[in-house]
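As structure tokens, the structure follows; a few thoughts come after it.
Naming follows writing order (A, B, C, D, E and F), and every chain is counted from residue 1.
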Amino acid sequence: MDKERVVIKLSGSLFNFDTTVERIREYVDLIIEVNGIYQPIIVTGGGRIARYYINICRDLGLDEAGLDMTGIMVSHLNAKLLMSGLGELCYPCPPKNLEEISLALQSNKIIITGGLYPGQSTNATSALIAERANAIKFFNATDVEGIFDSDPNKNPLAKMYSSIHVRECIDMLKNEKSMAGTYDLMDLISLKVIERSKLKAVVLKSSPDNIRKCVIENIKLGTEIII
Amino acid sequence: MDKERVVIKLSGSLFNFDTTVERIREYVDLIIEVNGIYQPIIVTGGGRIARYYINICRDLGLDEAGLDMTGIMVSHLNAKLLMSGLGELCYPCPPKNLEEISLALQSNKIIITGGLYPGQSTNATSALIAERANAIKFFNATDVEGIFDSDPNKNPLAKMYSSIHVRECIDMLKNEKSMAGTYDLMDLISLKVIERSKLKAVVLKSSPDNIRKCVIENIKLGTEIII
Amino acid sequence: MDKERVVIKLSGSLFNFDTTVERIREYVDLIIEVNGIYQPIIVTGGGRIARYYINICRDLGLDEAGLDMTGIMVSHLNAKLLMSGLGELCYPCPPKNLEEISLALQSNKIIITGGLYPGQSTNATSALIAERANAIKFFNATDVEGIFDSDPNKNPLAKMYSSIHVRECIDMLKNEKSMAGTYDLMDLISLKVIERSKLKAVVLKSSPDNIRKCVIENIKLGTEIII
Amino acid sequence: MDKERVVIKLSGSLFNFDTTVERIREYVDLIIEVNGIYQPIIVTGGGRIARYYINICRDLGLDEAGLDMTGIMVSHLNAKLLMSGLGELCYPCPPKNLEEISLALQSNKIIITGGLYPGQSTNATSALIAERANAIKFFNATDVEGIFDSDPNKNPLAKMYSSIHVRECIDMLKNEKSMAGTYDLMDLISLKVIERSKLKAVVLKSSPDNIRKCVIENIKLGTEIII
Amino acid sequence: MDKERVVIKLSGSLFNFDTTVERIREYVDLIIEVNGIYQPIIVTGGGRIARYYINICRDLGLDEAGLDMTGIMVSHLNAKLLMSGLGELCYPCPPKNLEEISLALQSNKIIITGGLYPGQSTNATSALIAERANAIKFFNATDVEGIFDSDPNKNPLAKMYSSIHVRECIDMLKNEKSMAGTYDLMDLISLKVIERSKLKAVVLKSSPDNIRKCVIENIKLGTEIII
Amino acid sequence: MDKERVVIKLSGSLFNFDTTVERIREYVDLIIEVNGIYQPIIVTGGGRIARYYINICRDLGLDEAGLDMTGIMVSHLNAKLLMSGLGELCYPCPPKNLEEISLALQSNKIIITGGLYPGQSTNATSALIAERANAIKFFNATDVEGIFDSDPNKNPLAKMYSSIHVRECIDMLKNEKSMAGTYDLMDLISLKVIERSKLKAVVLKSSPDNIRKCVIENIKLGTEIII
């Protein structure tokens, strides 16, 4: 292990029917910057193209576990986009399970992958990867600014936490009081993985700028989950 | 699909340092009986031998995801015990992921497997397998009689549910009020899988007799989870 | 080999951002009909979603062989759509190479797959699969009515062949005189495979009706390639 | 990527029932020399032993795609010969597909492999590997001196091109006028891969001396294909 | 298991640079006959082509374990010859380890394979396969008529055993008194496997006629090893 | 190959139901010390937990080859214990065959593995690994002090050899006169592998101290097998 490692989950919303080369290239450039300091492990979500395939497959009768696997396939297609821009800076074969993550990490290259296992969100998978990689931090780059005390779309006075204890976060999620719709931020499995491994985690809004500030410049952004 | 399918999760407690050939043979005979009616898919837990390895590995510094994988290895060793007694009645290679489950199911043979994915209990995995196999029912044969309204070890007046709605069950689990220590019965992921696929599920105390009554003779035992 | 086998290549144009469940279901129903008579092996193309990913990846610098592999991934996603509708009538794991085709064929189930090898169009791959499967006919369901003596989009007097000798067809393709833009119909590798194995092949416009007539009712449609 | 890469296709004619240890060792020494300057990727053909197996298999009824796979097996046996002489200088497991090529390249070792995919000559496969490896040049070491304007075996006045444009080369191959029997030099797929990736390619007669001059000393030999 | 199983090891001497299609076809026809009664599992040796490759590889410095693996590759090429003649009567993918043997057996088809593991002769591997397959008998079709009390090439009075106890056979092999050069008949590992599993075994001279008599017509030939 | 390599077989007796973290850590520390000088390849035996599983499986009817595979599974669980303590100093995925050994060796990390092939003791497998790795020495750390001229448990005057020729050793084993019960020291296959590759081998009693002296400090201990 030459450099410390960070895991960055990139929201599937980056990958869409109208994604541009420029948009991907901004992320590619960012990942190269991160690579100057850490060994980055990037996990791509499935996004709208995944939902497109999943919806048709579900209507045609595919079981839910099969739908999970379909979403994983799309997340790996999305991984290809970043890999195309990174060339030989990244490990050439996106790992398909945690054993392959371990092998890939040895290369000291940037690792790009998508979902790994049915029944788990890419967030949960990212947390497992962070465990396996002994990463110093897990950055969950998502669609919202952070974790709020109530739904910011409904309550204009909703307040974002700058930090929140993982237990409190689990309680909120359990009560589904104030975290409605935030499944995508951090689901219960990822929180429990964070808790069991005392993993440092941050939820932030995905943009190259935000990620640069948060990962590279160590500026506090979004919500930190403390243990 | 010649016969309808059932998934039976066998508590790891069956597999221990003092397990006898006779004990295993009773389960083997039972599985052969079930096979007369359904295509059985049996998922073995890890039990005490898993915990033995996991404890040493954890003390030596193995990450939690690695510990999950160690437990999965032991659950597959346990699967070998049942497979030894079933011979050519069972599929010869325990599936290692859901794709292999799908392939194995085609053989119309009894399927024996253990855990599949890190980050998931064998209960959760069993529920995913039930989804994939389009099983008509998921029997969770465990250490306790069923789901209680409070911890039966602490409260002598604790009452077992004969049936409980999956939503109520999830709520109980979330509040951790009355289901303390029952993680092994049904964890949150398995309940959510049960819910999303409207899977019929029963929690019962593991014994050849109980499973025979419940699976084959259709006698109501333990707690049924309704949707 | 219980039934004779046919290979049907389904043009990627079926799989698009606006594909509907109904459209896929028509094809699913058709494949089930074919399955009543033959063991069908269906090869799905990549279509517009493949081109979308390929274009971005190429702009980001992915090598051409890597682009081929990206297209193959999308063709397998498309295969999932048909598989979702077919359920247990089809082999559960889309073969990824010719060895897996051989294994899958043994199941006597419908086989659905996508591209297999970089450097080969799905047409060429379909012809190789037809060789391996010892299929009695290869139906190439495409975007045009058949093979014309000149480009029908440019020449209103272009005449479609009802049949054409494979040698003549190869010559036309080589001279690129009259078959401009018809790369998608039959490229040189597929024609050479057709020739070397004396494979019966038909090029027809893809629609459930056309395929039904041609495959099931044995009605002459499109262009037959004779050897 | 520490060194630039070259792909060298070694004609199957090197590998025969009377191949000597000394002959192989000359090539091994040469490859070690090349390795001082470039990362060499060597692709071995099947040669006479491949044809021996293929002929019997064909007579016994094996399909053509199966014959391709048989030839690939022999080309990998031939690869073992070179690997035996190179020891730990070469990657220990001959890659079986382009993904494994990518993994192997990371080792910065010499890569030895044979054919990869049915339906493709080892020339075509070599060109795909050159694409994937981003090789600076593809040397096709074959049985003849280069590409001629007519068959040198029939026409004593046949003139060898010192360079030829890939388009012209494709046209010649299509018309099969002057390139009869030269399938082994460069088939259509390899030429199209060369064209699409603007790959620098040279056809030369295989001998350690020739390859040394051409690859290491940069002396013009055989026919260069220009784009 | 629909039919009882027999394992037949075919001496590598059948596979040589001058093997004819007719010779292979005789064996193919024989195997089809056997298939009418038993599920045959045929293990092909490496023979002279294996020795050819092994000799060159050894001279070039390949380690002994690597040489074993080279011999295994050739034995699998030899398996292809029989498979070509058997077509869909045989399992399409030669098993590469005992797990794949188990999977293949399920198909109820003829199984053809070669060596499996380095460090083991194909005789020893055949005995292991017989164990795994629960075969009723293991026929070792070899170059000599059976097991003799002294080397028949040196002693014109050498007497062939019609039966011999496995213990006696092991002792002879250990003392290397009378079984010099008979390593190919039955090496120590195969004998120990025969002993531990009480496997019925026969050593006979390989010819279609001999095998037909011995396997199908139950005529006593060669030497029976008794337990 | 940056460092010379040694293979150390660790007797399964280290791995038992009462193995402590401290005991494993002593071995971990030792392996790290060895790693300062050589690239260590450690092969773990199955020990009592393997025998526990094997006994039940045998009683339930599992074939002997299947029992071998069960023992291999346990030896790999035992490997996990050492790997847990070594973290990123060791190759993350225990090799499952000799090809994977070759790949793993390239990492220049410590290799930990268990048994590889059915039909072979872990001693024999260790010798094969030593061949493949071109190891300078094979240390067989076992339950006894070395090789004796008669059974030390029965004969108080039994004398331990400080060195013994491999031929003599093979003869002793064949006659089973004085080496009764010493199967675990060196079985016939390992001795033959040692002989064919002229591998330096030492049999010694397993303890961190002994191994340190013998491997690192080059102190003569136990019995050296000379060629």
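The criterion applied here is as follows: a contact is a pair of C-beta atoms (placed from the backbone, for glycine too) under 8 Å apart; a residue touches a chain by one contact, two chains touch by 3 or more.
Model, not experiment: these values are computed from the prediction.
Asks: Have a look at E-F, B-C or A-B and name the one that copies the A-D interface, over half of its contact pairs being the same.
Replies: Comparing each option in E-F, B-C or A-B with A-D, the repeat is B-C.
Asks: Just give me the whole-number Å value for how far the CA centre of chain C lies from that of chain F.
Replies: 55
Asks: If you average the CA atoms of chain B and of chain F, how far apart do the two points sit, in angstrom?
Replies: From the centre of chain B to the centre of chain F is 37 Å.
Asks: Please work out the Cα centroid separation of chain A and chain F, and write it as a whole number of Å.
Replies: One centre to the other, that is 43 Å.
Asks: Pull out every residue in chain B that's touching 2 or more other chains.
Replies: Residue numbers touching two or more other chains: 66, 99, 134.
Asks: Going by the touch rule set out above, what shape does the chain contact graph take here: line, ring, star, complete or other?
Replies: other
Asks: If I apply the definition of touch given earlier, which pairs of chains qualify?
Replies: All chain pairs meeting the touch criterion are A-B, A-C, A-D, A-F, B-C, B-E, B-F, C-D, C-E, D-E, D-F, E-F.
Asks: Please give the residue numbers of chain E that touch chain C in the complex, ascending.
Replies: On the chain E side, the touching residues are 88, 91-93, 107, 109.
Asks: Hey, which residues of chain D end up touching chain A in the complex?
Replies: Counting only chain D, the residues touching chain A are 1, 99, 102-103, 105-106, 134.
Asks: For chain C, which residues are in contact with chain A within the complex?
Replies: These residues of chain C touch chain A: 17, 19-21, 24-25, 28, 49, 52-53, 56-62, 66, 70, 73-74, 76-77, 80-81, 83-85, 87.
Asks: Quick check on the complex: what are the chain A residues that touch chain B?
Replies: Of all residues in chain A, those touching chain B are 63-66, 69, 98-99, 116-120, 124-125, 128-129, 131-132, 134, 174-175, 188-189, 193, 196-197.
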